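Below you will find the structure I want to go over with you.
Chains here go by letter, A, B, C and D, matching the order in which they are written, and residues are numbered from 1 within each.
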Amino acid sequence: MISKIVISAADAVRDIADGATVMVGGFGTAGQPIELIEALLEQGASDLTIINNNAGNGTTGLAALLAAGRVRKIICSFPRQVDSQVFDGLYRAGQLELELVAQGTLAERIRAGGAGIAAFFTPTAFGTALAEGKETRHINGRDYVLEDALVADYALIKAHQGDRLGNLVYRKTARNFAPMMASAATTTIAQVSQLVELGSLDPEAVVTPGIFTKRLVEVGGALPAVTEGQ
Amino acid sequence: MKGPLDRDGMANRVAQDIPEGAYVNLGIGLPTKVSNFLPVDREIVLHTENGMLGMGPVAGADEIDLDLINAGKIPVTELPGASYFHQADSFGMMRGGHLDICVLGAFQVSISGDLANWHTGGADAIPAVGGAMDLAIGAKQVLVIMELFTRDGQCKLVTECTYPLTGIGCVNTVYTDYAVFGLQSDGVYVREVFGDTSVTGLAEMTGLPLQQLPG
Amino acid sequence: MISKIVISAADAVRDIADGATVMVGGFGTAGQPIELIEALLEQGASDLTIINNNAGNGTTGLAALLAAGRVRKIICSFPRQVDSQVFDGLYRAGQLELELVAQGTLAERIRAGGAGIAAFFTPTAFGTALAEGKETRHINGRDYVLEDALVADYALIKAHQGDRLGNLVYRKTARNFAPMMASAATTTIAQVSQLVELGSLDPEAVVTPGIFTKRLVEVGGALPAVTEGQ
Amino acid sequence: MKGPLDRDGMANRVAQDIPEGAYVNLGIGLPTKVSNFLPVDREIVLHTENGMLGMGPVAGADEIDLDLINAGKIPVTELPGASYFHQADSFGMMRGGHLDICVLGAFQVSISGDLANWHTGGADAIPAVGGAMDLAIGAKQVLVIMELFTRDGQCKLVTECTYPLTGIGCVNTVYTDYAVFGLQSDGVYVREVFGDTSVTGLAEMTGLPLQQLPG
């Protein structure tokens, strides 16, 4: 019987090696897989490349991973926030490489990586500093920039509910980057607020089919109890 | 003597131009204020690029759900008929031209519709683009709401942007405290003037060749 | 109050002009918007370009539209089927132009059209007859073909339930091409088996957000009664 | 004397090589038969490219739902843990290399793994590709199941395909009535022989340079 359930966040992230590229879900703290990030911090892998929309908030989660010096490079759209002091300091000190990508282009590059598309022409950022050095093309009267796909060794994501096959559903705007990241990483690890019995997720409403999920772990329970299934 | 509009007045003015049935994204900051003035008799669907259509007002103290936030990371609410989707779908919706209106703030807008609103270009400034470049090309109509002048009196509607660009030729209309400017291929048209300013006075203040809409 | 509901299939398709490009949902008959196609046949528009996975089954629906001589060109992946006699005859007689596209590429081209992506590099069909004349590129050790986006004037799709804002959910494998087509057409017209009250569709489970739907019409009722909402 | 496998035998042979936990797409025709022989003690998830994971057996007379069909347009059923998705997601799943195994039929397979299975190339034949080219590149392992010879005795495992190609260098293993062939960069390896055939006999019958797996 297939079961992708692992017993702890520590077990889930145990094999992440130094130098790995890791996608991390979340838009700010919504959808941020905080327990998996903390396990990764505890585990000790370093020289990481992180792909996330932001570059850490406050001093926990992704910010703590940055503060611990584990991250070599970050690919993101919006590093500078009111509470991004950890990133700001490292970046100003030249201790962190930054690849800045427009948010929609970041999402689309990750989706492309998951869907086997190598590159695509997008109108976003044409004529701006973020398109410098990139191939451009005039197609049907409009200018486009060629952007390539993003893939990763691991994706760490947070979902609302999951079953033993790894089918996942999310909660509200915490869905954000997780479905694409789940498809673009060799090993996708999901933390879920609640494990549910196989068959209790509505097949019409599954957002991430289990094929994309390699491991899932139930954490927390900070959320109010929810009714299983439909 | 009547002065220019204040920020609420500007937001209110933009709100009056958003028609019944429109799908609208309101950027972070001043554009978000527009939602406070949307006419109650119009049904308007708000998009937030972090993955939702049908966004409701900012959450009250007893409604806060940290999984339900807007692009500014403020807790919001959900209206009947809402839907959630992931980032690729959300930005596809914008890039594909499905939104009717985006309302954005700006550092500068050029008379040809170039937008600069993501980066001051300062050597020490940490760049952060977020959805700005997607929003710039993300709707059938891109409206900018901004004060016409900086605090030190520089006009923000310019012949050519000096700040780093967010998008090229993407802005349709600029709502300011002094006037509403329509950016057309044949020039800048003053659609409406606030307070005691005249078009001639505006042309002097801005140093721009302005045209008045006939009628 | 927004309402995209129209009273009849005839009203829904009334403005489709001669020469229009029309995407039609469905994989075989599953998800085929038969009442909308019949209304289009009745309406009389001709010289149409049709984008569909197939090229008509039997003698009804899309096949009837072909038989009536209304279609100039069809863009599809799988025209030849056991019951595609109408297409077969027209094609052999040189009365119908065919653009054959691999099914996944067809889906991706339509998605690209809806998402504002002008073109993309896909590995599918590299080195085959379907890539002849197309730009290719070697990227990270693999060969890719450049494919461009598909858009349309209209999309005719079938959904299971819809509300007055045009939010749609589908049934099982009848979902197939409809969500992408809904996003890639200027005017998307959905026939739904059931109109439901606003607020009764689960926002987490909406597949096609209303922004993509311009008109919807309730037809049939051939399906067993379903419980509204969650 | 033991003869080659029949079609059920071939399907059964493929089924034995599909491991517990695999995500598998079974093509139309003979590959579909493989599902009849999947070991009952293995949990295997079937994908159908028209938009489903967790496909169950063909629907019985009282289970038919015309909205629930497989890629061959046959009514099927849904297993617990199933999910539905649209065509772009379904083919993204294939193109992105997420399926473990695709099983396909073929007109011809070349020793370098080229696949020809979509079109006879006949002047009068109406072309129809469907998902064939996507399936050809749509899994970590692409398995072909086919009779080794055509009805008129032509070998279908060839030095170079003469039929129009579906994909290049994409086939990993070929399951035939006479033998299982592994296509590797350094040659064709006979993994298993059925009936009384020998590798030498196969090399004569096929005219191909065959190597036997050591051990």
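Everything that follows uses one rule, which is that a contact is a pair of C-beta atoms (placed from the backbone, for glycine too) under 8 Å apart; a residue touches a chain by one contact, two chains touch by 3 or more.
Worth saying up front: this structure is predicted, and the values here are computed from it rather than measured.
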Selected interface, C-D versus A-D, where C-beta contact pairs are more numerous: C-D
Centre-of-Cα separation between chain D and chain B, whole angstrom: 55
Intercentroid distance (Cα basis), chain D paired with chain A, Å: 34
Euclidean distance of C-alpha centroids - chain A vs chain B, Å: 29
Set of chain D residues in contact with two or more other chains: 78, 84-85, 88, 91-92, 94-95, 137
Residue numbers of chain C (touch at least two other chains): 108, 111, 115-117, 122-123, 170-172, 203-204, 207
Which pairs of chains touch, using the document's own definition: A-B, A-C, A-D, B-C, C-D
Contacting residues of chain D [partner chain C, same complex]: 48-52, 65-70, 73, 78, 84-88, 90-92, 94-95, 119, 124, 126-134, 137-138, 164-168
Of chain A, residues touching chain C in the complex: 108, 112, 115-123, 137, 139-140, 142, 144, 148, 169-172, 202-205, 207, 230
Sites on chain C touched by chain B in the complex: 1-2, 111, 113-117, 163-165, 167, 183-184, 198-199, 201, 203-204, 206, 209-212
Footprint of chain D on chain C - complex, ascending: 27-31, 53, 77-81, 87-88, 91-92, 98, 100-108, 110-111, 122-130, 143, 170-180, 207
Touch list for chain B against partner chain C, complex: 20-21, 23, 43, 45, 47, 53-54, 78, 80-85, 88, 91-99, 137
